[in-house]
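In the two complexes below, subunit A is the common chain; its partner is subunit B in one and subunit C in the other.
So, the complex of A and B:
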(Lines of atoms letter the chains of each structure in order from A and count residues from 1; the text may use other names and numbers.)
(Lines give C-alpha, C1' and ligand atoms only; values in the text may rest on other atoms or scores of the structure.)
Protein backbone atom coordinates (compact mmCIF):
# COMPACT_ATOMS: atom_id res chain seq x y z
CA UNK A 1 0.00 0.00 0.00
CA UNK A 2 1.39 3.40 -1.01
CA UNK A 3 1.46 6.23 1.52
CA UNK A 4 2.59 9.82 2.00
CA UNK A 5 4.28 9.27 5.34
CA UNK A 6 7.76 10.15 4.12
CA UNK A 7 6.53 13.46 2.62
CA UNK A 8 4.53 14.36 5.73
CA UNK A 9 7.50 13.56 7.94
CA UNK A 10 9.82 15.65 5.76
CA UNK A 11 7.41 18.61 5.92
CA UNK A 12 7.81 18.60 9.70
CA UNK A 13 11.55 18.02 9.48
CA UNK A 14 11.32 14.91 11.68
CA UNK A 15 13.69 11.98 11.59
CA UNK A 16 12.29 8.44 11.41
CA UNK A 17 13.21 7.99 15.08
CA UNK A 18 11.30 11.15 16.06
CA UNK A 19 8.23 10.01 14.16
CA UNK A 20 8.58 6.59 15.76
CA UNK A 21 8.65 8.28 19.18
CA UNK A 22 5.36 10.07 18.40
CA UNK A 23 3.75 6.84 17.17
CA UNK A 24 5.14 4.42 19.82
CA UNK A 25 6.95 2.33 17.23
CA UNK A 26 10.61 1.86 16.29
CA UNK A 27 12.57 3.75 13.65
CA UNK A 28 12.71 0.48 11.70
CA UNK A 29 8.92 0.21 11.73
CA UNK A 30 8.57 3.77 10.39
CA UNK A 31 11.02 2.92 7.61
CA UNK A 32 9.10 -0.28 6.83
CA UNK A 33 5.81 1.63 6.55
CA UNK A 34 7.32 4.42 4.45
CA UNK A 35 8.79 1.98 1.95
CA UNK A 36 5.69 -0.20 1.78
CA UNK A 37 7.28 -3.21 3.47
CA UNK A 38 4.67 -3.14 6.20
CA UNK A 39 1.03 -2.09 6.15
CA UNK A 40 0.19 -0.58 9.55
CA UNK A 41 -2.58 -2.01 11.69
CA UNK A 42 -5.81 -0.02 11.96
CA UNK A 43 -4.93 1.41 15.42
CA UNK A 44 -1.54 2.56 14.14
CA UNK A 45 -3.08 4.02 10.99
CA UNK A 46 -5.46 6.01 13.20
CA UNK A 47 -2.54 7.23 15.35
CA UNK A 48 -0.76 8.38 12.19
CA UNK A 49 -3.88 10.14 10.94
CA UNK A 50 -4.40 11.90 14.29
CA UNK A 51 -0.75 12.94 14.48
CA UNK A 52 -0.85 14.58 11.06
CA UNK A 53 -4.47 15.77 11.52
CA UNK A 54 -5.55 14.22 8.23
CA UNK A 55 -8.05 11.54 7.19
CA UNK A 56 -6.51 8.08 6.78
CA UNK A 57 -7.37 7.95 3.09
CA UNK A 58 -5.32 11.10 2.45
CA UNK A 59 -2.24 9.39 3.88
CA UNK A 60 -2.72 5.83 2.62
CA UNK A 61 -3.85 4.85 -0.87
CA UNK A 62 -4.60 1.21 -1.65
CA UNK A 63 -5.49 2.00 -5.28
CA UNK A 64 -1.87 2.78 -6.19
CA UNK A 65 -0.84 -0.82 -5.47
CA UNK B 1 -4.37 7.12 25.70
CA UNK B 2 -3.45 7.11 29.43
CA UNK B 3 0.19 7.80 30.33
CA UNK B 4 2.16 4.63 31.02
CA UNK B 5 5.49 5.31 32.78
CA UNK B 6 6.68 1.79 31.90
CA UNK B 7 5.92 2.17 28.19
CA UNK B 8 8.94 1.34 26.02
CA UNK B 9 10.58 4.30 24.28
CA UNK B 10 11.58 4.46 20.62
CA UNK B 11 15.17 3.60 21.70
CA UNK B 12 13.90 0.50 23.54
CA UNK B 13 11.99 -0.59 20.45
CA UNK B 14 14.96 0.00 18.13
CA UNK B 15 17.20 -1.93 20.54
CA UNK B 16 14.97 -5.01 20.24
CA UNK B 17 15.64 -5.07 16.49
CA UNK B 18 19.39 -5.22 17.18
CA UNK B 19 19.02 -7.78 19.98
CA UNK B 20 17.07 -10.21 17.82
CA UNK B 21 19.98 -10.29 15.34
CA UNK B 22 22.34 -10.89 18.25
CA UNK B 23 20.15 -13.88 19.15
CA UNK B 24 20.38 -15.12 15.55
CA UNK B 25 24.18 -14.87 15.62
CA UNK B 26 24.27 -16.75 18.94
CA UNK B 27 22.11 -19.51 17.42
CA UNK B 28 24.63 -19.95 14.61
CA UNK B 29 27.37 -20.15 17.26
CA UNK B 30 25.32 -22.81 19.06
CA UNK B 31 25.12 -24.81 15.84
CA UNK B 32 28.87 -24.52 15.30
CA UNK B 33 29.37 -25.68 18.88
CA UNK B 34 27.32 -28.82 18.25
CA UNK B 35 29.67 -29.85 15.45
CA UNK B 36 33.05 -28.45 16.45
CA UNK B 37 32.87 -27.72 20.17
CA UNK B 38 33.86 -24.34 21.54
CA UNK B 39 35.37 -22.69 24.57
CA UNK B 40 33.04 -22.81 27.61
CA UNK B 41 32.68 -19.02 27.71
CA UNK B 42 31.52 -18.98 24.08
CA UNK B 43 29.06 -21.79 24.74
CA UNK B 44 27.51 -19.81 27.61
CA UNK B 45 27.15 -16.72 25.40
CA UNK B 46 25.77 -18.78 22.50
CA UNK B 47 23.07 -20.55 24.50
CA UNK B 48 22.25 -17.42 26.51
CA UNK B 49 21.87 -15.29 23.39
CA UNK B 50 19.75 -17.94 21.67
CA UNK B 51 17.41 -18.25 24.65
CA UNK B 52 17.32 -14.47 25.19
CA UNK B 53 16.34 -13.79 21.59
CA UNK B 54 13.52 -16.33 21.68
CA UNK B 55 12.26 -15.02 25.04
CA UNK B 56 12.34 -11.48 23.70
CA UNK B 57 10.36 -12.56 20.63
CA UNK B 58 7.78 -14.31 22.81
CA UNK B 59 7.42 -11.89 25.71
CA UNK B 60 8.95 -8.45 25.12
CA UNK B 61 6.65 -5.41 25.31
CA UNK B 62 9.17 -3.39 23.34
CA UNK B 63 8.51 -5.23 20.07
CA UNK B 64 6.36 -3.16 17.71
CA UNK B 65 3.90 -4.53 15.17
CA UNK B 66 6.43 -4.60 12.31
CA UNK B 67 8.85 -6.70 14.36
CA UNK B 68 6.02 -8.95 15.56
CA UNK B 69 5.13 -9.52 11.89
CA UNK B 70 8.68 -10.77 11.28
CA UNK B 71 8.50 -12.91 14.43
CA UNK B 72 5.31 -14.50 13.13
CA UNK B 73 7.11 -15.79 10.04
CA UNK B 74 9.77 -17.24 12.35
CA UNK B 75 7.21 -18.94 14.61
CA UNK B 76 5.39 -20.37 11.57
CA UNK B 77 8.66 -21.71 10.15
CA UNK B 78 9.49 -23.33 13.49
CA UNK B 79 5.98 -24.83 13.73
CA UNK B 80 6.23 -26.17 10.18
CA UNK B 81 9.55 -27.81 11.05
CA UNK B 82 8.02 -29.55 14.08
CA UNK B 83 5.02 -30.66 12.01
CA UNK B 84 7.20 -32.08 9.21
CA UNK B 85 9.35 -33.94 11.72
CA UNK B 86 6.29 -35.47 13.39
CA UNK B 87 4.77 -36.22 9.98
CA UNK B 88 7.92 -38.14 9.00
CA UNK B 89 7.66 -40.12 12.25
CA UNK B 90 4.00 -40.84 11.47
CA UNK B 91 4.70 -42.00 7.92
CA UNK B 92 7.51 -44.35 8.97
CA UNK B 93 5.57 -45.72 11.93
CA UNK B 94 2.42 -46.20 9.84
CA UNK B 95 4.47 -48.00 7.17
CA UNK B 96 5.94 -50.28 9.80
CA UNK B 97 2.51 -51.00 11.26
CA UNK B 98 1.13 -51.83 7.79
CA UNK B 99 3.99 -54.22 7.16
CA UNK B 100 3.44 -55.95 10.49
CA UNK B 101 -0.30 -56.19 9.82
CA UNK B 102 0.39 -57.67 6.37
CA UNK B 103 2.80 -60.19 7.84
CA UNK B 104 0.27 -61.19 10.50
CA UNK B 105 -2.54 -61.50 7.93
CA UNK B 106 -0.48 -63.72 5.63
CA UNK B 107 1.27 -65.93 8.17
CA UNK B 108 -0.68 -65.50 11.39
CA UNK B 109 2.46 -64.53 13.31
CA UNK B 110 3.95 -61.19 14.31
CA UNK B 111 7.30 -60.41 12.62
CA UNK B 112 10.25 -60.42 15.00
CA UNK B 113 12.01 -57.43 13.39
CA UNK B 114 10.89 -53.83 12.88
CA UNK B 115 11.52 -51.88 9.70
CA UNK B 116 11.50 -48.57 11.55
CA UNK B 117 13.48 -47.88 14.71
CA UNK B 118 12.01 -44.75 16.28
CA UNK B 119 14.97 -44.32 18.63
CA UNK B 120 17.32 -44.03 15.68
CA UNK B 121 15.17 -41.27 14.26
CA UNK B 122 15.30 -39.00 17.32
CA UNK B 123 18.02 -36.39 17.74
CA UNK B 124 19.38 -35.41 21.13
CA UNK B 125 17.39 -32.69 22.97
CA UNK B 126 20.04 -29.95 22.75
CA UNK B 127 20.48 -30.40 18.99
CA UNK B 128 16.70 -30.41 18.57
CA UNK B 129 16.43 -27.09 20.46
CA UNK B 130 19.20 -25.56 18.35
CA UNK B 131 17.52 -26.77 15.13
CA UNK B 132 14.18 -25.28 16.23
CA UNK B 133 15.88 -21.97 17.09
CA UNK B 134 17.56 -21.98 13.67
CA UNK B 135 14.19 -22.53 12.01
CA UNK B 136 12.76 -19.53 13.92
CA UNK B 137 15.65 -17.22 13.05
CA UNK B 138 15.72 -18.58 9.49
CA UNK B 139 12.08 -17.65 8.99
CA UNK B 140 12.67 -14.25 10.61
CA UNK B 141 15.68 -13.58 8.36
CA UNK B 142 13.78 -14.77 5.28
CA UNK B 143 10.93 -12.32 5.98
CA UNK B 144 13.39 -9.51 6.61
CA UNK B 145 15.32 -10.21 3.40
CA UNK B 146 12.12 -10.62 1.36
CA UNK B 147 11.12 -7.10 2.43
CA UNK B 148 14.51 -5.78 1.39
CA UNK B 149 14.31 -7.25 -2.11
CA UNK B 150 10.66 -6.63 -2.90
CA UNK B 151 10.26 -2.98 -1.92
CA UNK B 152 11.88 0.37 -2.59
CA UNK B 153 14.43 1.80 -0.20
CA UNK B 154 14.13 4.89 1.97
CA UNK B 155 16.62 7.01 3.89
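So, the complex of A and C:
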Protein backbone atom coordinates (compact mmCIF):
# COMPACT_ATOMS: atom_id res chain seq x y z
CA UNK A 1 0.00 0.00 0.00
CA UNK A 2 1.37 3.43 -0.96
CA UNK A 3 1.63 6.03 1.74
CA UNK A 4 2.97 9.53 2.51
CA UNK A 5 4.71 8.57 5.73
CA UNK A 6 8.20 9.42 4.51
CA UNK A 7 7.11 12.90 3.35
CA UNK A 8 5.21 13.60 6.57
CA UNK A 9 8.22 12.44 8.58
CA UNK A 10 10.57 14.61 6.52
CA UNK A 11 8.34 17.63 7.08
CA UNK A 12 8.86 17.21 10.82
CA UNK A 13 12.56 16.42 10.36
CA UNK A 14 12.22 13.11 12.20
CA UNK A 15 14.41 10.08 11.62
CA UNK A 16 12.77 6.69 11.21
CA UNK A 17 13.87 5.83 14.75
CA UNK A 18 12.25 9.00 16.13
CA UNK A 19 8.99 8.28 14.33
CA UNK A 20 9.20 4.73 15.71
CA UNK A 21 9.47 6.22 19.21
CA UNK A 22 6.30 8.26 18.67
CA UNK A 23 4.42 5.23 17.33
CA UNK A 24 5.87 2.73 19.83
CA UNK A 25 7.32 0.56 17.06
CA UNK A 26 10.86 -0.21 15.90
CA UNK A 27 12.80 1.71 13.23
CA UNK A 28 12.58 -1.39 11.04
CA UNK A 29 8.78 -1.29 11.28
CA UNK A 30 8.70 2.35 10.17
CA UNK A 31 11.05 1.56 7.28
CA UNK A 32 8.88 -1.40 6.20
CA UNK A 33 5.71 0.72 6.26
CA UNK A 34 7.35 3.59 4.35
CA UNK A 35 8.62 1.28 1.64
CA UNK A 36 5.25 -0.48 1.34
CA UNK A 37 6.64 -3.81 2.51
CA UNK A 38 4.39 -3.90 5.53
CA UNK A 39 0.79 -2.74 5.69
CA UNK A 40 0.11 -1.47 9.21
CA UNK A 41 -2.72 -2.94 11.24
CA UNK A 42 -5.82 -0.77 11.68
CA UNK A 43 -4.84 0.26 15.26
CA UNK A 44 -1.35 1.32 14.08
CA UNK A 45 -2.80 3.16 11.07
CA UNK A 46 -5.06 5.09 13.47
CA UNK A 47 -2.06 5.90 15.70
CA UNK A 48 -0.22 7.24 12.63
CA UNK A 49 -3.26 9.30 11.60
CA UNK A 50 -3.63 10.77 15.11
CA UNK A 51 0.08 11.58 15.30
CA UNK A 52 -0.01 13.53 12.03
CA UNK A 53 -3.54 14.85 12.71
CA UNK A 54 -4.81 13.70 9.34
CA UNK A 55 -7.47 11.24 8.15
CA UNK A 56 -6.10 7.77 7.39
CA UNK A 57 -7.03 8.04 3.70
CA UNK A 58 -4.85 11.13 3.34
CA UNK A 59 -1.82 9.15 4.50
CA UNK A 60 -2.50 5.75 2.94
CA UNK A 61 -3.62 5.03 -0.60
CA UNK A 62 -5.05 1.58 -1.37
CA UNK A 63 -4.55 2.29 -5.11
CA UNK A 64 -8.08 1.09 -5.92
CA UNK A 65 -9.16 4.41 -7.50
CA UNK B 1 8.31 12.73 -2.51
CA UNK B 2 11.61 13.52 -0.76
CA UNK B 3 14.67 11.58 -1.79
CA UNK B 4 15.27 8.75 0.69
CA UNK B 5 19.00 9.38 0.86
CA UNK B 6 18.36 12.90 2.16
CA UNK B 7 16.15 11.73 4.96
CA UNK B 8 17.92 8.49 5.84
CA UNK B 9 21.53 9.37 5.16
CA UNK B 10 22.87 8.24 8.56
CA UNK B 11 20.83 5.02 8.39
CA UNK B 12 22.03 4.12 4.88
CA UNK B 13 25.68 4.61 5.78
CA UNK B 14 25.79 1.03 7.07
CA UNK B 15 25.63 -2.54 5.73
CA UNK B 16 22.16 -3.67 4.59
CA UNK B 17 19.88 -4.52 7.54
CA UNK B 18 19.82 -8.23 6.62
CA UNK B 19 23.63 -8.39 6.46
CA UNK B 20 23.87 -6.47 9.72
CA UNK B 21 21.45 -8.70 11.62
CA UNK B 22 22.87 -11.88 10.10
CA UNK B 23 26.39 -10.69 10.94
CA UNK B 24 25.54 -9.85 14.55
CA UNK B 25 23.69 -13.18 14.97
CA UNK B 26 26.48 -15.26 13.42
CA UNK B 27 29.26 -13.48 15.31
CA UNK B 28 27.26 -13.74 18.55
CA UNK B 29 26.83 -17.50 18.02
CA UNK B 30 30.55 -17.94 17.24
CA UNK B 31 31.40 -15.81 20.29
CA UNK B 32 29.32 -18.06 22.58
CA UNK B 33 30.86 -21.20 21.03
CA UNK B 34 34.38 -19.78 21.49
CA UNK B 35 33.65 -18.84 25.11
CA UNK B 36 32.49 -22.44 25.67
CA UNK B 37 35.68 -23.71 24.02
CA UNK B 38 37.89 -21.47 26.22
CA UNK B 39 36.02 -22.66 29.32
CA UNK B 40 36.60 -26.27 28.24
CA UNK B 41 40.35 -25.70 27.71
CA UNK B 42 40.66 -23.89 31.07
CA UNK B 43 38.77 -26.66 32.90
CA UNK B 44 40.90 -29.30 31.21
CA UNK B 45 44.09 -27.39 32.19
CA UNK B 46 42.87 -27.08 35.77
CA UNK B 47 42.31 -30.85 35.95
CA UNK B 48 45.80 -31.58 34.56
CA UNK B 49 47.49 -28.91 36.65
CA UNK B 50 48.77 -26.92 33.64
CA UNK B 51 48.53 -26.22 29.93
CA UNK B 52 49.92 -28.46 27.21
CA UNK B 53 51.64 -26.61 24.33
CA UNK B 54 48.66 -27.42 22.09
CA UNK B 55 46.22 -26.21 24.76
CA UNK B 56 48.14 -22.94 25.14
CA UNK B 57 48.19 -22.31 21.39
CA UNK B 58 44.47 -23.13 21.06
CA UNK B 59 43.65 -20.84 23.98
CA UNK B 60 45.63 -17.96 22.45
CA UNK B 61 43.95 -18.43 19.07
CA UNK B 62 40.51 -18.66 20.70
CA UNK B 63 41.07 -15.45 22.72
CA UNK B 64 42.25 -13.67 19.56
CA UNK B 65 39.12 -14.87 17.71
CA UNK B 66 36.88 -13.76 20.61
CA UNK B 67 38.39 -10.26 20.42
CA UNK B 68 37.92 -10.30 16.63
CA UNK B 69 34.25 -11.35 16.92
CA UNK B 70 33.56 -8.75 19.62
CA UNK B 71 35.14 -6.07 17.42
CA UNK B 72 33.02 -7.30 14.49
CA UNK B 73 29.80 -7.04 16.55
CA UNK B 74 30.66 -3.47 17.60
CA UNK B 75 31.52 -2.57 13.96
CA UNK B 76 28.12 -3.81 12.76
CA UNK B 77 26.49 -1.32 15.16
CA UNK B 78 23.44 -3.12 16.55
CA UNK B 79 20.86 -0.60 17.85
CA UNK B 80 21.61 -1.57 21.46
CA UNK B 81 25.20 -0.33 21.05
CA UNK B 82 24.51 2.78 18.92
CA UNK B 83 22.02 4.34 21.34
CA UNK B 84 19.50 4.77 18.50
CA UNK B 85 16.22 6.13 19.94
CA UNK B 86 13.84 3.29 20.72
CA UNK B 87 10.46 3.13 22.41
CA UNK B 88 10.31 1.39 25.80
CA UNK B 89 8.50 -1.61 24.32
CA UNK B 90 11.03 -1.97 21.48
CA UNK B 91 13.88 -1.77 24.00
CA UNK B 92 12.26 -4.42 26.18
CA UNK B 93 11.67 -6.72 23.18
CA UNK B 94 15.31 -6.31 22.05
CA UNK B 95 16.63 -6.99 25.53
CA UNK B 96 14.56 -10.19 25.68
CA UNK B 97 16.40 -11.35 22.55
CA UNK B 98 19.72 -10.54 24.23
CA UNK B 99 18.55 -12.44 27.35
CA UNK B 100 17.71 -15.45 25.13
CA UNK B 101 21.26 -15.34 23.71
CA UNK B 102 22.74 -15.14 27.21
CA UNK B 103 20.51 -18.00 28.40
CA UNK B 104 21.65 -20.09 25.41
CA UNK B 105 25.28 -19.23 26.19
CA UNK B 106 24.94 -20.16 29.88
CA UNK B 107 23.22 -23.45 28.99
CA UNK B 108 25.93 -24.17 26.39
CA UNK B 109 28.70 -23.48 28.91
CA UNK B 110 26.98 -25.62 31.55
CA UNK B 111 26.64 -28.54 29.11
CA UNK B 112 30.26 -28.12 27.93
CA UNK B 113 31.60 -28.16 31.48
CA UNK B 114 29.33 -31.07 32.51
CA UNK B 115 30.41 -33.05 29.44
CA UNK B 116 34.08 -32.71 30.39
CA UNK B 117 33.64 -35.44 33.00
CA UNK B 118 33.28 -37.88 30.08
CA UNK B 119 35.95 -36.20 27.96
CA UNK B 120 33.16 -34.74 25.86
CA UNK B 121 33.27 -31.04 24.81
CA UNK B 122 30.19 -31.05 22.57
CA UNK B 123 27.26 -28.85 23.54
CA UNK B 124 24.98 -30.95 21.31
CA UNK B 125 26.52 -34.30 22.25
CA UNK B 126 24.32 -37.33 22.96
CA UNK B 127 26.72 -38.48 25.70
CA UNK B 128 25.59 -39.18 29.29
CA UNK B 129 24.90 -36.19 31.52
CA UNK B 130 24.81 -35.98 35.36
CA UNK B 131 21.12 -36.03 36.46
CA UNK B 132 21.52 -32.82 38.53
CA UNK B 133 22.82 -30.87 35.52
CA UNK B 134 20.05 -32.29 33.31
CA UNK B 135 17.36 -31.27 35.83
CA UNK B 136 18.79 -27.74 36.24
CA UNK B 137 19.08 -27.15 32.47
CA UNK B 138 15.64 -28.64 31.75
CA UNK B 139 14.12 -26.45 34.49
CA UNK B 140 15.78 -23.36 33.00
CA UNK B 141 14.55 -24.20 29.50
CA UNK B 142 11.03 -25.22 30.59
CA UNK B 143 10.49 -22.20 32.87
CA UNK B 144 12.39 -19.37 31.22
CA UNK B 145 11.62 -20.07 27.54
CA UNK B 146 7.83 -19.61 27.92
CA UNK B 147 8.30 -16.60 30.22
CA UNK B 148 10.75 -14.87 27.86
CA UNK B 149 8.60 -15.75 24.84
CA UNK B 150 5.48 -14.32 26.48
CA UNK B 151 7.31 -11.15 27.57
CA UNK B 152 8.81 -10.71 24.08
CA UNK B 153 5.42 -11.22 22.44
CA UNK B 154 3.86 -8.64 24.77
CA UNK B 155 6.46 -6.03 23.81
CA UNK B 156 7.45 -6.69 20.17
CA UNK B 157 5.73 -4.56 17.52
CA UNK B 158 3.48 -6.01 14.83
CA UNK B 159 6.21 -5.97 12.17
CA UNK B 160 8.63 -7.94 14.34
CA UNK B 161 5.88 -10.41 15.29
CA UNK B 162 5.02 -10.93 11.63
CA UNK B 163 8.67 -11.57 10.74
CA UNK B 164 8.98 -14.07 13.59
CA UNK B 165 5.65 -15.67 12.68
CA UNK B 166 6.64 -16.09 9.02
CA UNK B 167 9.89 -17.74 10.14
CA UNK B 168 8.01 -20.05 12.51
CA UNK B 169 5.59 -21.17 9.78
CA UNK B 170 8.35 -21.95 7.28
CA UNK B 171 10.36 -23.70 10.01
CA UNK B 172 7.27 -25.79 10.77
CA UNK B 173 7.02 -26.78 7.10
CA UNK B 174 10.72 -27.73 7.14
CA UNK B 175 10.14 -29.83 10.26
CA UNK B 176 7.11 -31.52 8.74
CA UNK B 177 9.34 -32.64 5.84
CA UNK B 178 12.57 -33.52 7.68
CA UNK B 179 11.08 -35.51 10.59
CA UNK B 180 8.99 -38.05 8.62
CA UNK B 181 11.53 -38.35 5.77
CA UNK B 182 14.37 -39.10 8.18
CA UNK B 183 12.13 -41.51 10.12
CA UNK B 184 11.20 -43.43 6.94
CA UNK B 185 14.77 -43.52 5.58
CA UNK B 186 16.00 -44.67 8.98
CA UNK B 187 13.43 -47.52 9.01
CA UNK B 188 14.70 -48.56 5.59
CA UNK B 189 18.23 -48.60 7.07
CA UNK B 190 19.35 -46.02 4.49
CA UNK B 191 20.54 -43.38 6.98
CA UNK B 192 21.61 -43.36 10.67
CA UNK B 193 19.01 -43.01 13.45
CA UNK B 194 17.31 -39.64 13.82
CA UNK B 195 19.29 -37.07 15.80
CA UNK B 196 16.80 -34.81 17.61
CA UNK B 197 19.33 -32.01 18.10
CA UNK B 198 20.24 -31.93 14.39
CA UNK B 199 16.55 -31.62 13.51
CA UNK B 200 16.14 -28.97 16.23
CA UNK B 201 19.12 -26.95 14.99
CA UNK B 202 17.91 -27.10 11.38
CA UNK B 203 14.42 -25.93 12.35
CA UNK B 204 15.75 -23.15 14.61
CA UNK B 205 18.22 -22.02 11.91
CA UNK B 206 15.49 -21.81 9.26
CA UNK B 207 13.26 -19.93 11.69
CA UNK B 208 16.02 -17.45 12.52
CA UNK B 209 17.10 -16.88 8.92
CA UNK B 210 13.56 -16.29 7.65
CA UNK B 211 12.88 -14.02 10.64
CA UNK B 212 15.98 -11.93 9.86
CA UNK B 213 15.21 -11.89 6.14
CA UNK B 214 11.62 -10.75 6.67
CA UNK B 215 12.76 -8.14 9.17
CA UNK B 216 15.33 -6.68 6.80
CA UNK B 217 13.52 -7.00 3.45
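Please note the rule applied: the second predicted complex is superposed on the first by the 63 of 65 C-alpha atoms of A that agree within 3 Å, B and C clash if a C-alpha of one lies under 4 Å from a C-alpha of the other, contacts with A are read in each partner's own complex, and residues count from 1 in each chain.
Here is the rule we go by: a residue touches a chain if its C-beta (ideal position, glycine included) is under 8 Å from a C-beta of that chain, and two chains touch if they have at least 3 such contacts.
This one's a predicted model, so the numbers in the text were calculated from it and none came from an experiment.
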Fit or clash between subunit C and subunit B when superposed on subunit A: clash
First, second, both or neither for A:32, with subunit B first and subunit C second: both
Touched partner set for A:10, first subunit B, second subunit C, both or neither: second
Shared subunit A contacts, counted only where both subunit B and subunit C touch the same residue: 6, 17, 20-21, 24-29, 31-33, 37-38, 40-41, 44
Sites on subunit C touched by subunit A in the complex: 1-2, 4, 6-8, 10-11, 17, 79, 84-90, 93, 157-160, 162, 215-217
Sites on subunit A touched by subunit C in the complex: 4, 6-7, 9-10, 15-18, 20-21, 23-29, 31-33, 37-38, 40-41, 44
Interface residues, subunit A side, partner subunit B - complex: 6, 17, 20-21, 24-29, 31-38, 40-41, 44
Contact set on subunit B toward subunit A in their complex: 7, 9-10, 13-14, 16-17, 64-67, 69, 147, 150-154
